[in-house]
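Would you mind keeping the following structure in view while I ask a few things?
The letters A, B, C and D name the chains in turn, as written, and every chain counts its residues from 1.
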Amino acid sequence: MINAGIIGASGYTGGELLRLLVMHPEVEISYVTSERYVGEYVHRLHPNLKGLLQMKFSSRKTVDLCNCDVIFTATPHGSSMSYVPDLIKECDIKVIDLSADFRLKNPEKYDEYYNRTHPNPQLLSEAVYGIAELHREDIKKARIVACPGCLAASATISLAPIFKELADHIDLKRVIVDSKIGSSAAGATPSTATHHPHRAGIVRPYKPTGHRHTAEIEQELQEVSGKPVEVFMTPHAVDIVRGILSTSHVFLDGEIEISDNEIWKIYRNFYRDEPFIRFIRDKKGLYRYPNPKNVIGTNYADIGFDIESKGIKRIVVFSAIDNLVKGAAGAAVQNLNLMFGIEETTALTFPGLHP
Amino acid sequence: MINAGIIGASGYTGGELLRLLVMHPEVEISYVTSERYVGEYVHRLHPNLKGLLQMKFSSRKTVDLCNCDVIFTATPHGSSMSYVPDLIKECDIKVIDLSADFRLKNPEKYDEYYNRTHPNPQLLSEAVYGIAELHREDIKKARIVACPGCLAASATISLAPIFKELADHIDLKRVIVDSKIGSSAAGATPSTATHHPHRAGIVRPYKPTGHRHTAEIEQELQEVSGKPVEVFMTPHAVDIVRGILSTSHVFLDGEIEISDNEIWKIYRNFYRDEPFIRFIRDKKGLYRYPNPKNVIGTNYADIGFDIESKGIKRIVVFSAIDNLVKGAAGAAVQNLNLMFGIEETTALTFPGLHP
Amino acid sequence: MINAGIIGASGYTGGELLRLLVMHPEVEISYVTSERYVGEYVHRLHPNLKGLLQMKFSSRKTVDLCNCDVIFTATPHGSSMSYVPDLIKECDIKVIDLSADFRLKNPEKYDEYYNRTHPNPQLLSEAVYGIAELHREDIKKARIVACPGCLAASATISLAPIFKELADHIDLKRVIVDSKIGSSAAGATPSTATHHPHRAGIVRPYKPTGHRHTAEIEQELQEVSGKPVEVFMTPHAVDIVRGILSTSHVFLDGEIEISDNEIWKIYRNFYRDEPFIRFIRDKKGLYRYPNPKNVIGTNYADIGFDIESKGIKRIVVFSAIDNLVKGAAGAAVQNLNLMFGIEETTALTFPGLHP
Amino acid sequence: MINAGIIGASGYTGGELLRLLVMHPEVEISYVTSERYVGEYVHRLHPNLKGLLQMKFSSRKTVDLCNCDVIFTATPHGSSMSYVPDLIKECDIKVIDLSADFRLKNPEKYDEYYNRTHPNPQLLSEAVYGIAELHREDIKKARIVACPGCLAASATISLAPIFKELADHIDLKRVIVDSKIGSSAAGATPSTATHHPHRAGIVRPYKPTGHRHTAEIEQELQEVSGKPVEVFMTPHAVDIVRGILSTSHVFLDGEIEISDNEIWKIYRNFYRDEPFIRFIRDKKGLYRYPNPKNVIGTNYADIGFDIESKGIKRIVVFSAIDNLVKGAAGAAVQNLNLMFGIEETTALTFPGLHP
């Protein structure tokens, strides 16, 4: 059995990790920490775990994390970078980080987007960016895996194939990512913005320029394409709790002749045999394009696209994930499975609900 | 022109009052106070008033309320009872109170339900309970009108006719009011309970026994029936922002023979020519019973019922209102119109939206 | 392996059965029929099954159901009664019926509530009413199990314990069940009532008297209490897709002295060790009472209550289930497990999502 | 008084027109037609009009429309073009068309987007495109006004100012319009796509390339900029009933130096004194950008933007309207007011609700 500690387990990401791990046959949950809720039963924060996990929250400072084989760090940005370096020095332990602390390779980009100097830039280069579909082999060998931001995951997964295969024909300076996202992405702390009377029924842009996840998307698309890429991302809060749909608008130069089928082939080849990538493409019916509703609770990324020509060609790419699963805790468990040599889909087989 | 001051105007009830009063041809808004948002533009809290009301919030303590002909007090429970007594001593002013401070006639009931001794019991007997359909003549002459609680308004309006006419046949000790209510009733202050990820998609009972509005319903039904009445109320939070449906279950003794039509006649006679009472009764179609969706933004109370006999007879009564309008600010404006001899429907004619 | 056929698999109940059965280690899905969608891929109707079930719908008339060990009949009311009698004559097969055809023991009640004479009244007495918590031993031996109506399941499960233990003190003639229910209960066929612009944002009573599920509740509560019981049920459509909250209002005679704790003991004793019954009772926090949101996708029935005394005593009982799981397909799989001697929780362990 | 007939009044656009016109002091509703609901009371389809409009639907074929001063045609696409030409030949009548039949000036574009040859191309050139803010003087003199498509209105109004003033610097071949829209835009006829269990909780792309409203946007932006423009539009169905947010992504050439304030000036100059255009721009608070929730029921178009530079510059423009008001019936009434010399805001002053 793998002994796992969850640091910062009272939030939504922590709760979702627990939901997945209580069903994981190879994992034993050793510690569940929350500085704010020390001594409180876990199910008081996560009511779906009532009867399934009879634990109380501890303080990170009072437990011996070196007893764990792996820790998941679901603490606020800027927190894990303060305790992870010492921890990995002291113990033989793997770290799966769910914050933004180890996602960016380039310390300057970190400084630019997070307005602070990263204290451990060498860990930035060690940490592996936790999209299994792009970095599987590195993840298997990693000591630190940095799970991607939810918006970054949705866009990156859906764009990587064409940025790899069509980099010479894509207008890499004019990439639009227009995302729609649920309220759980704001975390478990109430605010005026998440107050139900204000949050229900809205379509509200937020951080429409300069969103931090942009840096991750650019980093990954540059790696896969081998060229500089500039992404303009605008997220919108919509009236769902879970789920993201990222709609990316990508221009091709007018000269390339490429059919719908050829693009499908690019996607199929790139993601051949991936257990959590589904292609959504139908000529009729309601399910012709990805829709986050169909992936709620699952680790799937549903990808689809359409193409339009008017002199300039546009590919519009759709990517639907559950921000708390494939965009956070599910990716983390998928990475755990890889790091410990377990069947990759373990604990991640929930098929989702309809309707 | 009537000079009106709104005390506590940053909340939802205050904002709704402003929405109605900016369109009221006989009212001039003199003061808009909020201790928390002094100096802030009103439209920053109430975005629908952008361009319509170019005022800033003042402090109640720095404005001379005696300049007003009327003040609306939309402050938290326990607040208006502290400043209204002095105010009406000092100035020739009318008060329309939207808190619970002057609703109950019986000081003991106040103490029981609000866990404190009322400091001005004599004002309790002076204040008129602000349901125009029940107390129109008294409201016209009142100095203080206490607008009803939103749940109380929905249940009382729909039950008064049968409690007047059928008091001898109703089981007055077993009256059930099962209410469904939107999130705006919780007010403008965020909390864990109103955090969108927690509040969306729920059907959640709250305060299922001993709810404070019960005291108002009992008071009014006792007055109209001339007999003691015991009401058991259970509200439920549902995923709407505005609106209440109160479903009341009333038992008749088995011996009475009464038809559907006779009950309708009771309602029609009781509410003859009332501009804001609608009877919802249709044999077919989607709109056979009241539904709060159809009254959002309006001052209507939609009433309907059905009757069922199995030895014991039950009348199930439905009442739909907008908690912020007929359940608060709309009732307040209706009362203003009566108190100042203005056409009762002034500023209250919005017909509602469909769909 | 158990060979299972699902008759009428294109609807929501059929789809939910498939979702559960594709993960069931002891079941092989042999046939999936739908007269309307013959030849269509299952995932075109049930998009969550894409990649998990590569089958097409067949016609019931062209497949040999006698090859199955069990069939689930998820056809409209009045349909399974026409083909099940012949089927069980011809084959050695078990039937788990999800329609209303075999739920009522008393043929006269069937006639009264369904306006037709039941053609096989002897099968009514053979069929076992499929609430495992009440009829487990009979279900194990049954050839036909009739899964309860969703509203009936929610009310019956939550009321049975007190109707058994307190029958002498409950006012059995004045039982109110006030239910709130999601849109999936209306089935997969569009109508004006389920058109999103009409169905969103509503709290709409429907069939507020004489609802068919009342007959089932009365049947079961009479059996458990040993006395005649009269139930008045009023369902309300609310803006959720899945889930039911049934709020039952039960009067006790004034003389009985009974504490909160004694009632809890009654519930705990009655449902000792039941895997799918949870008691929701907390003094603080958001999760003090049942809420259907917390059981979506699960087979749980969450039960809670409160008690109020004013001369007459009222117990208000809350029961939350997912109408498609514990109210339909989950109950069916639980019954299957019992009928075939499989661990009762197999394929039913999904813990639900939060938030 | 102006006598008005509403042709096709049973749909949502027709109902919304009636809601506005019953409050219009200068208009008398003469005829309300619906071929499907002849003889039915209007409030059976439009429950918000109960008590306000005691009319029944007639057939267009049995009423004498020449008695009207103006008709609103809210019939399906392809219908008004069949009866309007004869009507305006026979009577001295003005026509405000809410279908797509007279929106496009170029008959070839009509053929291309609607797959049919327009039978009266000369009426295409006569009809005035009904955005008052762009064509006010022509509307005043028009005999036929073609109200814009709702998506077209939202995008066009928000883009026209910068396409006029910055045409030389905008990348006119790469204009993205990414729209989010409510279910009422699908009309009043139920379908699988609008069935509540399928439509609730979604973010679903539809017609992501080649949407018909694109042709209108291109037509208007070309007129205002004086140059060819190519628009790539992708709408998404989101879980609201009313409302559109169109997010337009517009690229500027890298050389232009332009500040936030200069862009605001362009907007302010272009829409100086417009009663229904609001600029949403705040440095803090919840209401920094347009949000359709704040315009529900109103005739406002709320416009905002942000600018981002990374070599290439992007302006992201937000536009929020109620699809049934500024996107249909409200625009129609605004046009009526202009055509008949009435104060332009008459019957259009509802300020919207918050929350």
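Going forward, a contact is a pair of C-beta atoms (placed from the backbone, for glycine too) under 8 Å apart; a residue touches a chain by one contact, two chains touch by 3 or more.
It should be emphasised that the depicted structure is a prediction, and the values quoted were computed from it without experimental measurement.
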*Considering A-C alongside A-D, which chain pair is linked by more C-beta pairs in contact?*
A-D
*Compared with chain A, which chain's mean CA position is the farthest off?*
B
*Using mean C-alpha positions as chain centres, tell me how far chain C is from chain D in Å, no decimals.*
46
*Hey, how far is the Cα centre of chain A from the one of chain D, in Å?*
38
_Report the inter-centroid distance (CA atoms only) between chain A and chain C in whole Å._
37
*Of all residues in chain D, which are in touch with two or more distinct other chains?*
12, 184, 188, 192, 197, 201, 239-241, 286, 296, 355
_Touching residues (chain side chain A, partner chain D) in the complex_ = 171, 173-174, 176, 178, 180, 192-193, 197-198, 201-206, 208-210, 230, 232, 234, 236, 238-240, 243, 245, 247, 249, 251, 286, 289-293, 296, 304, 306-308, 310-312, 314, 316, 318, 320, 355
*Which of the residues in chain B come into contact with chain D in the complex?*
12, 15, 19, 22-23, 43-44, 46-52, 184, 188, 241-242, 278, 280, 282, 285-287, 294, 296-298, 349-355
*Can you list the chain C residues touching chain D in their complex?*
12, 182-184, 186, 188-192, 194-197, 199-201, 239-241
